[in-house]
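Handing you a structure now.
Should a chain be cited, it is by its letter among A, B, C and D, assigned in written order, with residues numbered from 1 in that chain.
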Amino acid sequence: MNAGKSTALLQVAFNYEEQGLIVELYTAAIDDRYTVGQITSRIGLSREAKIFDANLDFLSLANSSLSCILIDECQFLTEAQVTQLHKLAHLHNIPVICFGIRSDFQGNPFPGAARLMCLADDIEELKTICSCGSKASMNVRVSEEGIRIREGAQVSIGGNATYKQVCPKCFYSGE
Amino acid sequence: MNAGKSTALLQVAFNYEEQGLIVELYTAAIDDRYTVGQITSRIGLSREAKIFDANLDFLSLANSSLSCILIDECQFLTEAQVTQLHKLAHLHNIPVICFGIRSDFQGNPFPGAARLMCLADDIEELKTICSCGSKASMNVRVSEEGIRIREGAQVSIGGNATYKQVCPKCFYSGE
Amino acid sequence: MNAGKSTALLQVAFNYEEQGLIVELYTAAIDDRYTVGQITSRIGLSREAKIFDANLDFLSLANSSLSCILIDECQFLTEAQVTQLHKLAHLHNIPVICFGIRSDFQGNPFPGAARLMCLADDIEELKTICSCGSKASMNVRVSEEGIRIREGAQVSIGGNATYKQVCPKCFYSGE
Amino acid sequence: MNAGKSTALLQVAFNYEEQGLIVELYTAAIDDRYTVGQITSRIGLSREAKIFDANLDFLSLANSSLSCILIDECQFLTEAQVTQLHKLAHLHNIPVICFGIRSDFQGNPFPGAARLMCLADDIEELKTICSCGSKASMNVRVSEEGIRIREGAQVSIGGNATYKQVCPKCFYSGE
């Protein structure tokens, strides 16, 4: 998860606001690693954000004067919310930029991410590195003792497990 | 579906073979618009290909001397086959390039496409145009009489329905 | 030069025309490998095109009803012509898509290509392969006897020299 | 210039170091807006960096144990330095990532940037926004009084002029 997604999101917000344009930031209610309603980047940037859960209807923003909607942890969007955002962009002319991860610790897609990848007008990869030096594109879950965890629920935020980014070769090793 | 995927696939095969390298071409058994085992481009190019159905295990190619595997109609791959291809690329060093569409005529992802978008190292969009002049990123199903069909099975190849590419704004119009 | 640029250009033209939209194709007067005023792809596609030389002012197309201008061998555009095309796209709303190569047989940029890379709204690489299996991004000039030529004029079309695509490692080998 | 290039560079450095890998950061000696030898992002991140001027031979790093070289303000590289960096990447297996701008305040390419665009294996655009809401891809120079400056030297760092990012349509307006 550690490619700098939150940093990139906060920079885009900064760019818009420097031009006098209004943006709205959202992050998932599910993510309470830091504080609910906070987008925090490990490199040291932080900013308040609205939170979304599965009940939020993004089409309620259709008549706003927003120049851009920025969503962190977008893998937690429901499929219906992704369609709402797609309509916001194309029927209401409000650009939407979503930041998140594609696959979980078992290499399976998050439903919200799969729907985003299916509808997005542009897809950009924020690249990061595996400890072996190759490009990382997968996530593994690691226990407090540093042992890789291969079974469990797709979402496990707030426990003692952590995540690290690995390349596919390292991801499949030891299978 | 008509962005030139098959043309692009046949060109990549041509490029590899011009360098004396060996490639293998696959297309879906499900697609009998032209001939089973044929990759045909509307612009006028055509070439024989192996066919895949859900029973093919691509890891059987792990010890081949192929320089590249090229797969047309990749939205019909099973999720397990996508993982096999991911392993071929990263554990057996055989590049795999897949050509297909993301979403069906209702804007829902094909399961194979969703898995590909989740694992792919690189994602490139072959762009095409909506009749309104905007970039097309969606597909609609059209009856023989030219009427848009909004309900039905995800896969309907070989009937009299045809498909056309539209931008999201035209896709959502009339809802 | 052999990545399939002309194939890609002809496919884009096909896509536009299938939607009932009008396009105009150009190729460089300097390129008489096939026939002046012909865009020919080694894979077997061919089509007539207008030709451009350094005297053509593309802004003369500003009031046309074209939906897209497609330019092959765009490395031979002058810097002034690239600016004309940039203005056509942004001041006259006519999309322009240019196909060409970046660097010559010595790894130096073509002036027209450098200007295009400087101004383009989107840059896409048509990938091809080196005989060593790596991605090719450079061009080398080869004599009739198969010997690499390292000195000479930037443009040498129509002689007996041919070109092949190589990766940077193979490009620098033997220096 | 204000798309977040320095932020992105500092994030990549952070990503590498988090994996225990060693990177080296460079910025142009010419840029003394902040402090010589400092990469500073307007969003609030800052870090020391080595400086390069036209005399530095990057091939002196060929036998280092660096996992990545990160270069800010890369438009100020000489053409020879770009070739050195290209060789570092391909003959000495040290990845090089360069951050900079393509064109100057008159829409002309910086020589170092043109050479980088000609040789780079991958080109990614850090997008930012024009005050009109379109994507910005050009730079304009603005006087202390807020007047656009259209004539002058390509490089004018440290004066009272500032720069802002505009879309091509706004760039050409008033010509």
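Here, a residue touches a chain if its C-beta (ideal position, glycine included) is under 8 Å from a C-beta of that chain, and two chains touch if they have at least 3 such contacts.
Quantities reported herein were computed from a predicted structural model and do not represent experimental measurements.
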### Query
Going by the contact rule set out at the top, which chains touch both subunit A and subunit C?
B, D
### Query
Which chains does subunit A share as contact partners with subunit D?
none
### Query
Which chain's mean C-alpha position is the greatest distance from subunit A's?
C
### Task
With chain centres taken as the means of their Cα atoms, state the distance from subunit B to subunit C in Å.
27
### Task
Starting from the mean Cα coordinates of subunit B and subunit D, work out the distance between those two points in Å.
38
### Query
At which residue positions does subunit B touch at least two other chains?
none
### Task
Take each protein chain as a node, join two nodes whenever their chains touch, and name the resulting shape: line, ring, star, complete or other.
ring
### Summary
Inter-chain touches occur between A-B, A-D, B-C, C-D
### Message
Help me check something: in the complex, which residues belonging to subunit C touch subunit B?
### Response
2-4, 7-8, 10-12, 14-16, 18-21, 42-45, 67-68, 124, 128-131, 133
### Task
Within their complex, state which residues of subunit D touch subunit C.
83, 86-87, 89-91, 102-103, 107-109, 113-115, 117-119, 121, 123, 125, 135, 137, 167-169, 172
